[in-house]
Every structure is written in structure tokens, then in C-alpha cells.
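Several structures are given next for inspection.
Here chain A shows up in two complexes: once beside chain B, once beside chain C.
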Partner chain A sequence: MAGSAVSRRTLWGFIGPAILVLAAVGIVPLVYAVYTSLHYFNLTNLKDQEFIWFANYAHVLTDDTFWAAMGRTFILLVTALPIQIALGLMIALLLHRPGLTFLKTITRLGLVLPMATTYAVVGLLGQVMFNIKYGVVNQMLGWVGIAPIDWIGDPDNAFVLVIFWDVWQWTPFCALILLAGLTTVPDEIEEAARLETKSWWTVLRHIQLPYLVPGLVAIMILRTADTLKLFDMVFTLTRGGPGNATEFISLLIQRTGFRSFDQGVASAQAVVLLAITVVLSQIYIRIFYREGP
Partner chain B sequence: MAATGSTSARSILPQIVLLTAILLFCVFPFYWMVTTSLKTQLVALSQPPQWIFTPTLGNYAEVLFEDGVGRTMVNSLIVAVSTTVLAVLLGCPAAYALARFEFRGKSDLWFWFITNRMVSPIVLALPFFLIVRWIGLLDTKLVLILIYLTFNLPIVIWLCTDQFRSIPYDLDEAAILEGAGHWRIFRSICLPLAMPAVAVSSIFSFIFSWNELLYAIVLTRNDAKTAPAMAISYMEGYSLPYGKIMATSTLIVIPVLIFALIASKQLVRGLTMGAVK
Partner chain C sequence: MNIRLKSALALTTALTVVSPAVAQDQSGWSLAEAAEPYAGTTVDVVFLLRPGYEAAKEMIPAFEEETGIEINITDLPYENALGEQVRDFVAQGDLDVALIDLVWIGNFAQNDWIVPMAAIEEQFPDIIDPDLDLDDFFPLVLDAFGSWDGTVYGLPFDNYSGLLFYNSCMLEEAGFDGPPETWEAVMDDYGPALTKDGKYAYALQSKRNETQSADSFARMIWPFGGSFLDAEFRSNLSSEESLAGLNFRQELMQYMPEGIVAYDHAEAVNALAQGDVAFITEWSSFYSTLADPDTSRIGECLAIAPEPAGPAGRKPALGGFSLAVAEQADDDEKAAAWLFIQWITSKENARQYLDLGGVPARQSVYEEEGIAESFPFVPALVESWQEGVPEFRPRFAEWPEISEVVQQYGTQMMLGEITVEEGAERIGTEMEAILDKAGYYDGDKPLIQ
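After this line comes the complex of A and B, so read on.
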């Protein structure tokens, strides 16, 4: 690895501005969030900001609503992610097969669309397509004899809908990552294996899987982070409802801070979420980006 | 590859069916979005939904000229372009330093940049709202431009560091022997060679900023309102104007889809921060 020692001035000239700006927008707010979380801080009563030590944290850590939202976020992750990986792998294997070049190119371009789409628009589209009365999905279900389903108004169905919609948006992402992994398998090795066995499973398990590992790890890191961040799509689709059936962690914090105006508690929730995120990403990053720069 | 024997007619038909199904599954929601945007409210609220109807551009005229969606799109454009330019200006030299210089704390710095990508925006949105309200910059584009750097700067830094590292160090050494300083090498040798990464990270930076909703609804009200924030403001009220919501959605989505298709080969690389090439 080629690298050179340089004077402190040159180094700061290159990297200083980026660090300063990112610290100003990324760290200063966090420090302020910690400050807020140690105070009673309500937007409707700003005069009365009392320093209350860790009372907000004690409240958050013993708050059923908070852990329910964390639990929901976790359930979403462990249900949607395996489906996305399994379907994505099947699509990747299909696209990796030889032949039908034109149709496969078109399909690959089609796969690009869902994951680039504005998350808020994905939620709005869900509202329109899954509406109980005017929605096209219930119409299609009617064609095969299934009675209209109340997707958005029923707590369980709304949760299933969020999973389904998350799968729609992110399965293509998994498929394209895994397809990129499949193309890194050297042709000679794959051909030799196919002469040995007719079973696609054996080829996948023993030949292709090692090449898929980096992609799988990347998928797990990013989908975990994105599920903890998930806000836009659910906010526009269900607003966390009905009740709080689809209130994931980011939605709960937004509601606490901006609809209940309790910034103190919301900041404490945010700091706990941040701690969880940092721990998780450090674990993941150390596994994955081992080599570093 | 054994493309002849195994790809007989017997195995090709199921493949065609499957591929078409996948394609339809991906594309159908967009078809429904566009057709709904061309429906009058009366047609949009018919039961069962109509597939054949007389299309109208009325929704587009209404959202653009009466509701001011055009103005919010201009806001989105200004914010996305400005934050992208800033991210490139700040990120490229930083990426060069990470790729070329040895210094203490480099890997910690690297981890910090990566962690920024993982943090939920709501964690920053709460304190940012209070700070910005305090300095009186609420509802300005500047605030969005700055806070979007929290995700744009890491993207630019990652993709460009990767690219700088792939440039042979011999080029630098030759230039050093000629007496060129690091800025000279950066500007005249490495940066031109890193242009592909700069282009791709700019496209990503633009897409992410254009798509962003949470910061936009927390930090803007009217003057700096972005297009996604505008789209969800139609959700208030009892009877939802489906045609108008879908017309606005279509207007928002078209530019990002065009960019995504242009960068489709690099999309995976960008979304995984260069972890998968």
C-alpha cells in the first residue's frame, strides 16, 4: 500500500474542511441531543427547562411503547430480509443463466426502478393501490375470487402490507448485488462444476456461495441500518397506524418529538437508538470493511 | 458456457414467463401511478378501478400552476444540486488524503465516515430542528443543503477514495520527482482520472437528496418546502385527491428514474458504498 507522510498543514488542507463541516452538521447536533435528553424539554413549555439527570432515559428504558416500537422494527427486519434475500437470489440465478439476453437486459433495467424511487412516493403509491375500495390490488384479488382485504385499516394487514412493500422496493437491490457476486465466479470453475453435477443447488452451495458472501454481508449491514432508519415509506403509507401497529422506531421518535412535543424524551429515545446503531454498525463494519483504507 | 444444449425450448419458456413476471412486478406500480395521474377524481374513485378511460392532463395543470408543486420542485432542484456540489468540493480532497497519505487516526476517521451512513435521520433531525429554530434559519434551503451533507459527504468520500486508490502510485512519484506539490498532483493527475467516481457519487448524492423526506418535513414549512414534502401535504383532509397525488409523484419520480437508469451499471456499487463492485 503506497502512502506518504505529509506535513500537518497539507493534510489538514485536504481533509480538514470535510471533517469540520461533517462535525458541524453531524456531531454538534448529537451533543445538543444529549444535552436536551438530560432536561425536561417540551416545545409547548419552553420556559421551564429543568435539568433532570437521567430521568428521560429511565423513562425510555422502562417504556413499553419504546420497546414495542423497537420490537416491531426488529420483526420487520427478520421477516422482510430473508424474503428479500431468497427472492433476490432466485432472480439473480435466473438472470445469471445464459441466453435470452435482450429480455434479461430489460428485466435488469426494470429492477433498477423500485430502489431508486422516492421512498415517500412508494408509500403514496401503496395508499392508492391498496385502498380497500378503489385499490387495484383488491380488484386483482377479486379476479381470482378473493374478497376485498382491508390492507391499511386493519393492524395485522397493515404490518403485512409494510413488509410486502418493503420487499417490493428492496428485493431488486438484493437481486442485483447477488447477481454482481455471481458474475465474479470464474467461468472455468463454474463450467467444470456443471460438468460434474446437474444439481443447481450443489453448484450454488459449493461453488457460488463463497463468491456471494461479500454481497450478503453488505445486504445485511445496509438493510439493518435502513430498517432502523425506515420512516418515509411508512409515514406516507400508514402514518404508523392503525393505532400504532406500524409505528417503527423512527416514527415513534418523530411522534414523541413533533406531535407530542416532548423533545426531552424524544432525544433520549434518539440517543438510545444511536447507541444501538453505533454498536451494530461497528460490529458489522469490523467484520466487513476489515481492511479499511 | 453451455448455452446450446441446456437452453432448449423446454427450459426457455418457463424462463420467459418468470422474467416477464418479475419485470411486470417491478414496473406495474409505475404504470398505475402514471395512469392514475391521468384520471379525473371521478374516474379515480370509481369502483372497480377503471383500466380504460379518457386521459386528461388536468391534474398536472392543477398541481403545477395552482398548487405550486413547480415551485417546490425548483426548491428540491436547488437543494439537491447545491448539496451535491458542496459534497464533491469537500469530499474529493478528503478522499485523496485518505487514499494517499499516512496519518494517525486514519481508520477511526474511516469508521466515523461510515457510521454517518448508518445513523437514522430522526436522531439528527430533533436537535437540528431546535438549533436551527434558535438561530432563525428554519424553513431555509441552506439548512437542508447543509444537513444533506451528512449522507452525501460519506458517499463521495467512499467512492472517490476507492477510485484514488486504484490509480497507480507511480504517477504521483514521477510528478514528485518533477517537483510538483500534492495539490498539483491532486488537481492535474489524480482528479481527472477519478472523474468516473466523481460522476457516480454526484448522481447518488443528487438522488438521495431529491428523495429525502424526513428532514424536509421537520425543517421546512413553506418557503423552502421540497417536492416530496409537498406531495404528502395532499394526504391531509378527508377525501384524498388521488389524481393530484399521483401527478405530483410522477413529476418527482421521473428525474430520479432517468438518473438511476443512466447510472444503472454503477447503482449497486453506489448503494453499497463501494463494498460490492
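After this line comes the complex of A and C, so read on.
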């Protein structure tokens, strides 16, 4: 339509700045990371910088430490994410029930708090709260006769602690997204279904769940990306330890790039991680969107 | 001390004694006059969140007033200080003074990020304090903290030695007259006697960061005759002596609190301060925390001794920081930076720095009357600085990378996830791979640590 035609200049005026910013903060660093990953590039030995083709990638793909960190990251993902979704769904269903408007408003506001807490602060809180000797958690356990637990110094407990904090921080996110999904179910369909059956599961499975799928896919994509990038909380809480019990992939990349200063290998690790994230996102979209309403 | 360091000392001595220009200055040199051309210059420096730096901060206004030079401080936690400085130097940033942990000096010097002191003397002869007196620094400290390959780059600023801090009341109650003299006594006598009723004999901070590699791992290999590298720069960690030290650490864990691999400095110091452990081996700089009634409950029970000796003698942990002029600074900033470094580490200011909570490396200040009474850690510190090992941790550029390897396997050893022998072997293999890549085995790099 001629009347709604927008001049090319106006178009560029609106989207140009966004493209420039995206290029500056996203594309250029990515291209530079790929360039770096093809070089021996160590910040403590810049004089010997050289192009080494795919040697860094070969190193990363055959490095046990990299795959061990990747394995730990996936274990975190497949344990924390289902818990977050299950708890989030329970909270969303409770908040979706009619009545108690004021309480639900307060709850919804309260749900934002964990998400609004800085990751690094969550880790520092964990250090204090879960300290074996002086932590409030062990003190409370002591009231019910449970002996102090070594939360941070024991490899298994430290891993559980990371899962706990991740669930604490991100369950509200799942709850709010799913609650938004539940509000999209037309009232008449839901009411008709409830006349047909008293089973909440049947209503959930056949009426509500189809409307929740887009939100679930969004949760899975965002939380998967977030888990793969999880750094601040673990760094301040355990620094990847004890041993390497909580050395997730992002901690390994940071360690390689900024503590061992091997930017070449760290960039290769980051590029491989990016590829894995993209593939996972595509898998989610293809599998779950097929079942959409 | 090697030949080049001796030359640097000789050069300074010569400058202070023989050079007519300096001789003339000797009678009339003043900081204010030397700094006059550089008034208004801002010097950017990184500080840590530690007592010595708080002491320096209290002193700096006097320097700024006298010179007109502004000192712009960026406070960083230790763990970020290396990364931030490396990035600044690589990016040709703003830092004019490098804060150098002794294990970073090889890295900084080999990359030409810091200026040798001799170059400063040559370029700015008028700003060298005739009373600089390098000989007054403890030779071990100047050599280890401020020098690389025989060249002096930095002046020792925030200086530590590992010391044994102990709770004399707990030891007396257990029937001991004094602190353990040897690690053997710790294992055989003090450990069993003091580990009871929820209290422990000893806490060895072993968290997976530099604390694991420096405070825990290195602390146990040296007194037993071990070392990281042999003369050919091959791993010495699987030697009988190194393994003896590491196995000793493993066995000693029965007398340490549970979760010791999660203990950093704060936790270890706190364990002693709260009366939960009888002794710790910690850096001298923690004296002020342990002596302060606001942060410590042991009060008069706090006592200090040199670290216990092993079969190879007393090889206390050695650590500390020097300040050097950054190569990236412009000429005015270089001169102003040197004036600041020279002033804050001077003989003249050493007592004030000590009084405010810092630990200077000037021998003269520790010879003052009554100093041992005012600062009970002094005798142990001075003794420790007589027989420390400069390469307690290798000081070459590759140490940060090797340290990461030590941190990983060192902690896994302590947790029992791998055996001590297996861990030593793995660290050795990866350490040699790093050194090989760096060119030490091809003759590309001299075998200096």
C-alpha cells in the first residue's frame, strides 16, 4: 500500500542504531573470538602469537577437563531445570486458582525477589549461610538434632548446593512464565472441561498444557542458555571447587582465559559451547513446537 | 643474590656515594623539589583489600600534599589483581604503577610491562632519593619480590612471611611449654593432644585458588626437601622428598577441621581467632586481624613463632608484593610513580607504615628499640626472612597457568579423589607440557624461576 510505505531512510533510522549496537557488542566480539581461537594467543606471551589453524579446537575436543566440565553442566541442567519447572508449575497452578487476590498479588511480587538478586550476591550469601561452623543453615539443622553438614567443602554437597541456589533463584521465573501461559487458556474451554471431569490432571494435560508449551519452550531455551553460562554464583560460592566438583563449563572458560591467560584455547572452548547451545535450542524448538496447540 | 642484582645494588651505591650530581643532591635533595616538575600528575595504582594497603592509604595524603602528585587507587581483591593488571597492560591502559606479587614478576618483566630501576635512574637521575639505600631491604625480600633475572624492577612494599600463629592458652592447657618446632612434633605430639572436644590442632587453608597452591601445597613440599622443579626444569613432584611432604599433608588432615579444602585465609584466621583451632600457619600481615579484639577472641593468648621445620629445615612460605613503574606510563607519570614508590617504601616511612598495620621490608626499622615488644611477630618474621626460598613458587610467567593445575589436583588429592602419587604425577605431566609449550626445553627461554 502506497499510503503506508516508509522511506528507506526512515527504516534505517529506526533499525540502524540497533544493528550497529548488535554488531558492536555481539557480532564483532564473536568474530574476534573465532579469530583468536585460531591462534596461539596467550596474554602472558603475546610475542609468540601465531596462526595455528584448528589446533585449539583439536585440543578442546580431546580435552578430558573440557568434557568433564560439560558433563557437570549438563547434570546441573537436567537436575535443576525439571525441579524448577515442576515447582514453578505448582506455584503457577496455585496462583491461577480463583480467590485470595491480595495474597496472590503479594506472592507474585515476592516471586520477583530471587530473580532480582544479583548472581554473585547469591553465591556470597551461600558462603555465609552454608558455612559449616557459623552458617545459619547448620545452626537451624542443629535445632532439630542434625549434625553440621559440610556444604561447601564436600564435593557432592557443594554440587547439591549449587542446584539448590539455582532452583531457589529461577523457580519464580518459571512460575511467572507459566502463570502467564495459564491466563491465555480461554475461560469457557477451561470451565467446560471442569464440568466434564474433576481430575485436575486431565484438565492440565489436555486443556492447559497445550497453552503452556510456548512458555515451556521459552523457559527451556532461556534456562539452558543461562545454565550453560552460569558463572557468577558458582564463582563466588565455590570457585569451581572443592577439587573440580562445581567447575562448570563457564568457569573452565574463565579459568583458561583469565587465570591461565590462554585466550586462544578459551575462545575455542567458547565457540564450541556456542555451537552446542545453538544446536540444543534448535532441538527444543523442533521437538516441542510440534506438539503446540 | 646473583650478579646482576649485585650490579644494581652497586650502581645505586655508586650513585649515592660517588656521582657528583647526587652528592650535591645529598645535601639538598628534597621530595618536594624533586617532585616539582611533576606536580599535578596523577598516578594510577592497584591496591588490594589488605591491612598494608589501608596503612598506605592513611599515609598517602601527606605525599600528595608535599608533591602535588595525585595517587589514584583502584582497590581489588587479590584474585582479580593479576587479571586486571594484565588486561590493562595488554590494552596499554592507565596503570602507572604495577603491583607485583612475587610470582608475577617474571611475567611482568618478560613482557616488558615494568621498567627496571636502573632505567629510571638513568632517565630521571634527579628524582632518586640519595637515602634510598637498597641494602637496607632484607636481601631475600628484595631479590624475591622486586628482582627478576638479577635486575631490580620493584621495591618491596607489602611483605609477608609465613608464620605460626598459635593460641598459647590452648597449648598450655594441653601441657605444652611452647609451639611446635618441627612438623614431626605437630604430627606426633601436638596434633593428637589438641584435637578433641570439637577443637582441632591445626587449620591449613587449602581452598582451590592460590591458597591451595601457595599456602597449602608449596608449604608442605619445601620443608621436606621437595620442590616443584629440578635443575633441568623437569617436575620434581614425584621425588621421594616432595611425595613425603604431600603425604604428610594428607595424614595431617586428621587434625584439621572438616571441610579444610573450603578454607581460605579468612576461615583459617577466624578459626584461630574464635579459639576453634590451636594454631595456623598464615601470612604475617594477618597479625593485625588476630590481635584486634574486634576481630579476635583469643586476646592475650595470641603468640607467634616461625613456621615449624621439616627434615630439610625451616622453609617458611614466602610471599609479598613490590611496586614497580609501568612501562606504559608517559614520562611524567613514570617519574611521579617512582617518587611515590620510593617514598612509600622508604626507610623514613617504614616505622609509620608498621604502626599503621603494614609490614615493611626495611631491616633498619626492626632494629629499633622496643619494636619486638610492640609488634610480637617481628622476631619470627625477621628469622623467617633469613632462610626463605625465593622460588617457593616459581616466579616465571607460566606460574599462573601451573598454579591452576596445582589447585585442581592438589584439592582432589586432599579430598581423596586421587592418590597423592597420582596427583603429583598429573601435575608434573601438565606442568612440563606448559613449560614445553613456553619453550624452556628448546632453549628458547632461560631456566630462571
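Basically, the second predicted complex is superposed on the first by the 270 of 293 C-alpha atoms of A that agree within 3 Å, B and C clash if a C-alpha of one lies under 4 Å from a C-alpha of the other, contacts with A are read in each partner's own complex, and residues count from 1 in each chain.
Heads up, the rule we're going with is that contacts are C-beta pairs under 8 Å (C-beta built on N, C-alpha and C of every residue); 3 or more make two chains touch, one makes a residue touch a chain.
Because the structure is predicted, anything quoted here is derived from the model rather than measured.
Of the two partner chains, neither chain B nor chain C is touched by A:Phe54.
Number of chain A residues touched is higher for B, counting chain B against chain C.
In the superposed pair of complexes, A:Gly240 makes contact with chain C only, with no contact to chain B. In the superposed pair of complexes, A:Ile152 makes contact with chain C only, with no contact to chain B. Within the superposed three-chain model, A:Lys133 lies in touch with chain B and with chain C [touch as defined at top].
Of the two partner chains placed by the overlay, neither chain B nor chain C lies in contact with A:Trp67. Within the superposed three-chain model, A:Ser260 lies in touch with chain C and out of touch with chain B [touch as defined at top]. Contacts of A:Thr44 after superposition: chain C is touched, whereas chain B is not reached. Common to the chain B and chain C contact sets on chain A are residues 133, 258.
In the complex of the two chains, the chain A residues touching chain C come out as 43-48, 131-133, 148, 150, 152-155, 238-244, 247, 255, 258-262.
Interface residues of chain C facing chain A in the complex, by the touch rule stated above, are 82-83, 86-87, 90, 107, 110-111, 207-209, 257-263, 267, 271, 276, 397-398, 400-401, 404, 408, 411-412, 415, 417, 438-439. Of all residues in chain A, those touching chain B in their complex are 2-6, 10-11, 13-15, 17-19, 21-22, 24-26, 28-30, 32-33, 36, 91, 94-95, 97-100, 103-104, 106-121, 124-125, 127-129, 133-136, 139, 142, 168, 172-173, 176-177, 180-181, 187, 191, 194, 214-215, 217-218, 221-222, 225, 228-229, 231-232, 235-236, 249-250, 253-254, 257-258, 263, 266-267, 270-271, 273-274, 277-278, 280-282, 285, 288-289, 292-293. Chain B contributes residues 1-3, 7, 12, 15-16, 18-20, 22-23, 25-27, 29-30, 32-33, 36, 44-49, 86, 90-91, 93-94, 96-103, 106-107, 109-111, 113-131, 146-147, 149-150, 153, 157, 161, 165, 169, 172, 182-183, 186, 207, 210-211, 213-214, 218, 228, 231-232, 235, 240, 242, 245-246, 249, 252-253, 256-257, 259-261, 264, 267-268, 271-272, 275-277 to its touches with chain A in the complex.
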